[in-house]
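After this come two complexes, each holding subunit A, first together with subunit B and then together with subunit C.
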Partner chain A sequence: MKPSRCHVITSQMLDKTFLADIMKMRGGQNILDCIQCGVCAGSCHAAWAMDFTPMQIIRMIHLGMKETILSSATIWICASCYTCTTRCPRGIDIPLIMSALKHTAIKEKFPAKIEIKPKFHQSFAEIVLKYGRIHEPELFLKITRKNNLHEIMQNAKLGLTLLRKGKLKLKAPKVNKKTQWSAIFEKVSKEAAA
Partner chain B sequence: MKYAFFPGCSIHTTAREYGISCDAVSRVLGIELIEIPDWNCCGAMDAVYAYNPFLSISMSARNLALAESMKLDIVTLCSACFFTLSRAKKLLNEDSELKGKVGNLLNDAELKYTGDVKVRHYIDVLLNDVGLEDISKNVKVKLDGLKVAPYYGCMLVRPPNIVNFDDPEHPNSMDKVIEAIGGKNVDYMYKTRCCGASLGLTEGEVMMEMTKDLLLEARNVSADCVAVPCPLCHLNMDAKQKTIESALDLKIDMPVVFFTQLMGLAFGISPKELGLNKNCVSTDKLVKRFHG
Partner chain C sequence: MKQEPKIGVYICRCGCDVEGNISATVDVEKVKEAAFSINGVKIAEVYEYVCSNPGQQMISNGIKEHGLNRIVVAACSPRMHLETFKRNVAQAGLNPYLLEIANIREQCSWIHDDKKIATVKAVDLVGRAVERARNLKPLKEKTVQVNREALVIGGGIAGINASVELADKGYQVYLVEKSSSIGGHMAQLGKTFPTLDCSSCILTPKMVYVAQHPLIKIFSLSEITKVEGSPGNFKITIRKRPRFVDVSKCTACGECAKKCPVTVKSEFEVGLGQRKAIYQPFRQAVPSAYSIDKEHCLYFTKGVCKVCQKFCKADAIDFMQQEETQELNVGAIVVSSGYETLDPSGVKQYSYGLHPDIVTHLQFERLLVQGLHRPSNNEQPKKIAFILCVGSRMVENVNENDYCEYCCNIGCMNAIKEAYVFQKEVPDAEPWVFYTDIRAHGKGYEEFYARLRNHGVRFVRGRAAEVVPHNGHLRVRAADTLLGMPMEEDFDMVVLSAGLVPSPGTENLSRMLGIHTGSDGFILERHHKLRPVDTQREGVYACGCALGPKDIRETITESMAVASQVATFLGKGEVSVPPEVAVIDDEKCNGCEECLKICPARAIEKVPSTFRTRMEINPMSCTGCGICVPVCRTEAIDLNHCTEDQLMSQIRGVELKEDVSPKIIAFIEKNTAYASADLAGQTRAHYGTNIRIISVPSTGRIGFRHLLQAFASGSDGVVFVEGEDSVLTGEKLREHVGRLKKDMQAVGIESLRLVSTTTTIPQYPKMVDTFEVFINRISKIGPLSPKVREEIKKKLKWGESK
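Here is the complex of A and B:
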């Protein structure tokens, strides 16, 4: 097999402000402390499903490879299990950086490699804003890929099983009008939309 | 022993057996869990945070403030809630600007957050407030010879600078509880390996690969069941076990129970009161063995 050079970096790929932007976000402050030791990459339980390891993503942030990062699968595959950070000798909060990257991708409407993911985060936030708590049936409906019959069947089966066991409530959680909890968060959500 | 109980969304829905069994066990041990009135979603780790970090933190803060007004420690059952609330507390303590901004929001709702409230997991209460001796004293049916794979998952023990509970690589808090009720913990090397968490909702195939490893390893070490402290791990390992079996053409058939259900069995509480009929993988064998 002919060896292929997959990640050749060109100056067009580099964004000069990206590193500074990420460093301003929670989790990104000490990103330059990374010594590229690879403990995060070796520890990651989901690395096999990623296109870049966490170690690579951190280095790519240093370099400013904004577009490559935000269109990667990695940022959406990170399950925030915190094995990497627990072992990181430099104390870098990698899952929080992944969240910052997800947030940037969602805010800038970046086309996601796993296209359902921005919708997952948005739907989850909208549902908890509406009821104060999550309402699983609504979330299932919103994030099941409509063009994937297999997934529809799998989720329907799971839904029925949970329903039979009395573990799924079709009725949405009751909103307590008196305490107006959502009024507190209305401002916050407006800020998100902006 | 009184606590401000933060159930989190799943305890009333997908993890009902966790809530039910915890109630039953708490009654025996004299733990009074007072549900925080009108609590809201904890902020849901990365699910809400990635959409709007400030929203996630303020949602946590409202719960923390509600518990503060009750002048009690917060106790959670869900590992993800435990992490999310603990993280918000840490972020608010470290960032006075953020604390001020969140404080203003809470003021509008006549709530105040000072940062005094302690966030604790139910296992912490069992070990440090109740004590293993009292747990053993209440055992009526020793779970003699029951081989348990204690699976901790992620957020109960990681990252140590946020949750500050047990050893992040080799935890044994739940092991101790299982021992105290007569169970035998098998040497289970995937105690803290991630199950795939919310990937199960959007990236089913990735979650299935990850969860399958945990279940098969429990098989390999001849466990009779897996004990878990986290509703999301439980959903992936129990409710989705059949789906995993058919998708990956495997036979697993491994009961996955909440550790509180095992405690209840040992305390002689009826299986129904422990929601043992609500687990998706049958717990009949387990029940028959210790409950005539």
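Here is the complex of A and C:
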């Protein structure tokens, strides 16, 4: 883990409304219940790659360190595996808070620390919207940078392995009863707009 | 013979002339004039301090010389000087229950600035007090003899010490214990923090003392099955399970256990040791006798064996023993039912139960006493992880039940102590403590913790995330939250400091005793700070972990406190029963049992009689809340000092002056909510003169009839304010109000005209807010339509003529 970027927390770094904003979003209601026990940080399978542990992110929300959080890698690294929430003694939905932070970061145009991630989420959603289910080859094509030969080779290699094990379908998936999932999407986008 | 009421009204200025707390905003002379004009008022006087000596003299003179038989004092809150004036009136020879106080300070002069409005309201307050006074009846306090014997439920250290303290004070004590020996959890412990005394060495002498004390009788293998009677005179039924060993003959030589062929896991060793089917949980057990475990004994399961009987030299074994019931008469009850360790297997990530080397703190205590070894291979562990807060401080868990929200209070210190003893036992020991927050809050605890930090115990600030068996070791994953870094370590053993939960029978026991448990399942004390060992019921007390998790020192303190409280209660020899209780008219009662179902104090009992079931209210248990009065269909119940007549006349009194619109009656619970209203006055919070307060023992006293009367008397809205610690809160209050609203709609009154709220004393701004919002609401809806009012009046008249 890299050492934290902030050496001294100053009042310039603290956004007074940030905590209240996050508490209004889904998953944020009980964020003040956190007792900073560290079960999330200890449970997180991706913590080694993060610049701040999930627990530290929660603490920074309490303080209102908006800029530090929204420009951190942690919010993009979280894989939403829900190990932390299953074990959290205070019932805090950390992945939901992470996605709330991701939304805020995109809305307020913070450059993502992990560039590919916003694009990944975007493409993922687009593909699901199109077919009703994820279609991996298309996702690969969409997120791989065309000017990076190394990346293309790596992804192709992974793709072949998956293909060999029958985990990858080249044909686009079909979902019966398209109307049902499009209704779900409509509802979600309506809620998001509200 | 009914006495013609001769009423004296004494109005206090609360200060000099126009400077007084009352006279500054209330024209007291006008109030006096108004009072004098009311029928029955013989004397109306104004004085600067009615509570002072000359003021009290005035009242005495009025009673002695003018033959007054009802006194109304218009002054400050009754919470301030009710007792003063009661004494005053009693000394002058009048029954103190013939006194009424009109609160024209906290509810009037301190609330309003406008002298005109305040005066009108004061006149109204005094008028209503006079109306109530007219209907007051003399009441007498009764006294009842108490039985000077006490029952202690639970033979752990709390119960043992409470029994010792009480018996040493000279009271007969019955100590009831459900297992075969007293001693409880303390007997299972090795050493105690922070002094590191041996637990058994300080406990067992006390156990022996209990056994030998002439005033203590131990009932082992016994449980309470029934509690009847009232404070001072309880009748207890206990069930004694058979021991199958004659305690008086058994010498505890242990020959029987040596020969017994059945081996089972020992409960005392928390599954980490074995015992026979005939056993003693531990050598120092009291009573010092063996007992047969019927579930495992071959004679009881298969009908063969009886080896123990053959080898018992004392001929103490008796397979014919039967279950017995016994009745005890006691004056007071002490609950010391203790705690249980929470089952940590509900907190899945710690893999408890999946690997033998993952143990609870209590199991680890036993391992330390037995000689420390890993349960899996009997080798000495070198590296142990102590995980704190297992199941504690959680508000959510994947498993519904296995967690508690509160702190276990002892986990930190206990783990630190165990780490220390582990270091002493094993030369190159490596204890790690994974903690959330170290709570070292007792005398000497912080110093103990500091010593251990300097003693090679590694403290990691971070709740362990998971425990996984890994290559013959146990891998603990956690995060060092001070560094913000995840970590992994391999250990030989893992000790889980599991949370503490109430003994399984606590809920049932409290229901039998008519006391309450809190949301945490532990017994609720009367007052968190001032009455910490009293329960909601007079004569029933609690101490130790039955009240909540705590350490031995605090348990001892509480057991001493409880003994003192019990001695105070029993020592007086009699208890006085306040006369403000509900009474049943036998003629009218039809035995429908509605009152019995609703009584929160379990004061109502069914009495079988030849012709029909009769209900009887026990004045000792009755708290005088009056909830039973409106539910009685035959109007057989009435509440002393807040009778139907008195209450109705108070409500009718609102009609006297048509001064404000809308007019709102606030029924306020007389303790907490009334005190809250007083505080609103003391802080000079302002609310509209529209609010007319009537204090009631509980808003459950108000039935539909009273609501109708309130609306008929010109009120446009009704507010209920209940104290948060009263008997009628939460769901019960909602139900009560919901029922009334339905009835209101049936006669054409909008349900919006009734509102209820609860308050604590400092929450008066919330109450004032409710008043203001409600006044606004009623102003918007407008006054009750005259047509509906007329109909209600007709209905009431019809009801009365019937």
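A few remarks follow.
One rule holds in what follows: the second predicted complex is superposed on the first by the 148 of 194 C-alpha atoms of A that agree within 3 Å, B and C clash if a C-alpha of one lies under 4 Å from a C-alpha of the other, contacts with A are read in each partner's own complex, and residues count from 1 in each chain.
Convention: contacts are C-beta pairs under 8 Å (C-beta built on N, C-alpha and C of every residue); 3 or more make two chains touch, one makes a residue touch a chain.
Please read these numbers as outputs of a predicted model, since none were measured by experiment.
Contact with subunit C, but none with subunit B, is seen for A:52 once the two complexes are overlaid on the shared chain. Contact with subunit C, but none with subunit B, is seen for A:42 once the two complexes are overlaid on the shared chain. By the document's definition of touching, of the two partners only subunit C reaches A:89; subunit B does not.
Counting residues of subunit A touched by each partner, subunit B versus subunit C, the larger count belongs to B. Using the contact criterion defined above for the overlaid structures, shared-chain residue A:156 touches neither subunit B nor subunit C, since it reaches no partner. When the two structures are aligned on the shared chain, A:32 is found in touch with neither subunit B nor subunit C. In the superposition on chain A, A:139 makes contact with subunit B only, while subunit C stays out of contact range.
Within the superposed three-chain model, A:103 lies in touch with subunit B and out of touch with subunit C [touch as defined at top]. Judged by the document's definition of touching, subunit A residues 48, 86, 91 lie at the interface with subunit B and also at the interface with subunit C. Listing the residues of subunit A that touch subunit B in their complex gives 26, 45-46, 48-49, 76-77, 79-83, 85-86, 91, 93, 95, 98-99, 102-103, 106, 114, 116-117, 120-122, 124-125, 128-129, 132-134, 136, 139-140, 143, 151, 154, 157-158, 161-162, 165-169, 176, 179-181, 183-185, 187-189, 191-192.
The touching residues of subunit A, when paired with subunit C in their complex, are 1, 4, 33, 35-44, 47-48, 52-53, 55-56, 86-91.
For subunit C in complex with subunit A, the residues that touch the partner chain are 349, 389, 393-398, 403, 436-437, 461-466, 477-481, 484-487.
Those residues of subunit B that touch subunit A in the shared complex are 9, 12-16, 38, 40-41, 44-55, 58-59, 62, 91, 105-106, 108-109, 154-155, 158-161, 168-169, 192-194, 196-199, 201-204, 206, 209-210, 239-240, 242-243, 247, 277-278, 280.
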